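Next come the structures, one after another.
Both complexes below contain subunit A, partnered by subunit B and then by subunit C.
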Partner chain A sequence: MIIAEKKPIEEVIEMVKDFRKILIVGCNECVTVCEAGGKREVAVLASSLRMYFMNQGKDTQIDEVTLERQCDREYLEEIRNRIEQYDVVISLACGVGVQFLAETYSRFPVYPGVNTCFMGVTEERGVWSERCQGCGQCILGSTGGICPISRCAKRLLNGPCGGSTKGKCEISKDLDCAWQLIIDRLKELDRLDEYEQIAPIKDWSTERAGGPRRVVREDVRQ
Partner chain B sequence: MRLQYPSNIKIVSVPCTGKIDLIYLLKSFEKGADGVYVLGCIEGECRFGTGNLRARKRVMQAQKILDSIGIGGDRVQMYNLSSSEGPRFAEFAAEMTNKIRELGPNPIKRFREKLAA
Partner chain C sequence: MSELKSGSNLEKVLKAGHFAFTGECGPPKGANVEHLKEKIAPLKGMVDAVNVTDNQTAVVRMSSWAASTIMCQEGVEPNFQMVCRDRNRLAIQSDILGVYAMGIRNMLCLSGDHQRFGNHPQSKNVYDIDSMQLIALVKQMRDEGTFMNGEAIDVPPRLFIGAASNPFADPFEFRVYRLAKKIEAGADFIQTQCIYNMEKFRQFIKRAVDMGLHEKCYILAGVTPMKSVGMATYMAKQVPGMDVPDSLIQRLRGAGKGKVAEEGIQFALEQIEEFKDMEGVAGVHLMAIEWEHRVPEIAERAGVLPRPVV
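Now for the complex of A and B:
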């Protein structure tokens, strides 16, 4: 899922302090799971902003809604009839949702309420870590299911660098060396011979380096 | 014991302090409470394991938010005691009441009064 973090309340206040009718829009998908932009976080932000404005002596209307997703038009349509009442929208979705909301309702200023971080997993409640960088050419089949693109600081393709010490990466003692993990996993799978095979030069054009990307599937397109 | 404690305190019972969500604390202030304190069991003695530890974290989250929006984080506190400590209950009630008296009323009440006038 996409991992995001709540923006500090001060930053949100700075963005919307001059508006009088505010709609806070949450998202029921990834940001709900990582506790950054779901229904509960929408309620907390709305309550905090209401109190802030009341303390400032300003009569500001703050309403809440949480959509199933903000990255699909059909769910964004659910607020078409009510969005007219507001001066500004704060979206607690990831950067994808914020942009799609802003694109769908281009007449309204849309501000982000979270910082979108990465695609990752929940290691335990309150701890999330990166697992995929969406490079567009998955090599997990040859690396024992561990991604050196997202988990190696240098994105190496053919084994660890000289900075790998006792299974840890040189950039942090808390960070596992991805290649150590790969070697251990291949050993466990009795597939260590695959480690000896040299990986060809990766085509990075499918990654972000190739510019903004798009997937078009004519077989399902309408 | 027939202990006396300040009569301005409203008690909201919950099955475990782990039930107390951050939004409950914030809504209390939004509706005009001058202070809120959470009374949980002694740490390490939660019947459900970590209910009171979760409550403490939520109280800390509320303190941070209330500080950020100018209401004052000191208005929300967490205390721990066991169910047999009646005198401690009265002590915490008096301590919190004195603290809130020093801090004064919830500042958003002024706004509510202005709107009502």
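Now for the complex of A and C:
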């Protein structure tokens, strides 16, 4: 899923302090699971803003709604009839949702309420970590199911580098060395001979570097 | 612009109020120094400085700093081009120090063409910083004597800072504001994209003059003589941000077999003549692509010789 973090309240206030009718839109998908932009976080942000405006002596209307998803048109349509009443929207969805909301309602200023971080997993409640960077050419089959693109700080395809120490990465002792993990896994799978092969230079044209990406599936297109 | 910022020949020529004339030279696709020297030789004494392109069109060539260094040894002043596509901020700053150490005094700051159009479309691009930020970075290194992070530089690089401007890309109305931003960021001189649509360029430069941009920065008009009808149609259709009017293509076609290149040069000469008197234009940047050996003739016929010695 997409992992996001709540923006500091001061930053949100700075963006919306001059508006008087604010709609906060949450998302019931990834950002709900990572506790950054679901119904509960919408409520918390709304009450913080209400308190701020009250202390400022400013009469400001702040309403809340949480959509099933903000990355699908059909759910965004659910607020079409009521959005007219507001003069600003804060979206607590990931950057994808914020943009699709802004694109759908281009006349309304839309501000982000979270920082979108990465695609990752919930290691335990309150701890999320990165697993995929969407490079468009998955190599997990040859790396024992551990991704060096997203988990090696140097994105090495033939690691580990000289900075690997006791299974940790040179940039942080809290970070596992992806290549240590890969070697351990290959050993466990009795596939260490695969490690001996030099991984070829990667084609990066399918990742961010190749420009904004698009998938078109004619077989399912309507 | 009271004191010299870099002391480059190009800066001195412009500062003295002469109509500048710069050339261009693409490094070889290999380490063929002799070939490079052959391309440099005809430019000597014909132009005030020569742009040395940096993996132009995202095709790998000899590095622009190395080719610039060879150019210095050959007695021609380079205008070292750097693109943001291939370097992060560490490499950018160390290369800036490197070229200055090797005697290079002009630098043109560019974003660089996307690698998709080059010969290694599988590569990553860097774009750690963009061309606007690169201009500001070179200025900071020169004028404040500090790296991007604020640390002091032991002997700061004193470079004459150039930037590019394309008056013809969309949206047209915003192009002059982007030029203004580059000047604000620290550009000392501007070289424009190849101009073919003179009417549109007149509008562009008039707006720049109305905004007083020509008083803050030297603007050199880009000229590339058309060698053939094929080149003209290719530029019109295939090169992004290029504006080649149909009337020019018709004119080249009308020249008849064997006379197209001469007609292309003739058009370029007419352009240069107009630029000499155009308010806001401080010189011409002649990009004679793989036509370096024709530069002396073009310079002669354009009446820009001898080049001023300052």
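One rule holds for everything that comes next: the second predicted complex is superposed on the first by the 222 of 222 C-alpha atoms of A that agree within 3 Å, B and C clash if a C-alpha of one lies under 4 Å from a C-alpha of the other, contacts with A are read in each partner's own complex, and residues count from 1 in each chain.
Quick note on the criterion: contacts are C-beta pairs under 8 Å (C-beta built on N, C-alpha and C of every residue); 3 or more make two chains touch, one makes a residue touch a chain.
Values in this document were obtained by computation on a predicted structure and should not be read as measured data.
Overlaying the two complexes via subunit A leaves subunit B and subunit C side by side, clear of any clash.
Once the two structures are superposed, subunit B and subunit C can be ranked by residues of subunit A touched, with B on top.
Chain centres taken from Cα atoms put the angle at subunit A, between subunit B and subunit C, at 130 degrees to the nearest 10. In the overlay built on the shared chain, the residue A:43 is in contact with subunit B alone; subunit C does not reach it.
Once chain A of one complex is fitted onto chain A of the other, the partner contacts of A:117 are absent, as it touches neither subunit B nor subunit C. When the two complexes are overlaid on their common chain A, residue A:210 makes contact with subunit C while staying clear of subunit B. Of the two partner chains, subunit B is the only one that A:54 touches; subunit C does not reach it. Superposition on the common chain A brings subunit B within a closest Cα-Cα distance of 31 Å of subunit C. The contact surfaces that subunit B and subunit C form on subunit A in the two complexes do not overlap at any residue. Of all residues in subunit A, those touching subunit B in their complex are 8-10, 13, 40, 43-44, 47-52, 54-57, 59.
Note for the complex: subunit B touches subunit A at residues 21-23, 26-27, 29-30, 65-66, 68-71, 107-108, 110-112, 114-115. The residues of subunit A lying in touch with subunit C in their complex are 201-205, 207, 209-211. On subunit C, the positions that touch subunit A within their shared complex are 114-116, 121-125.
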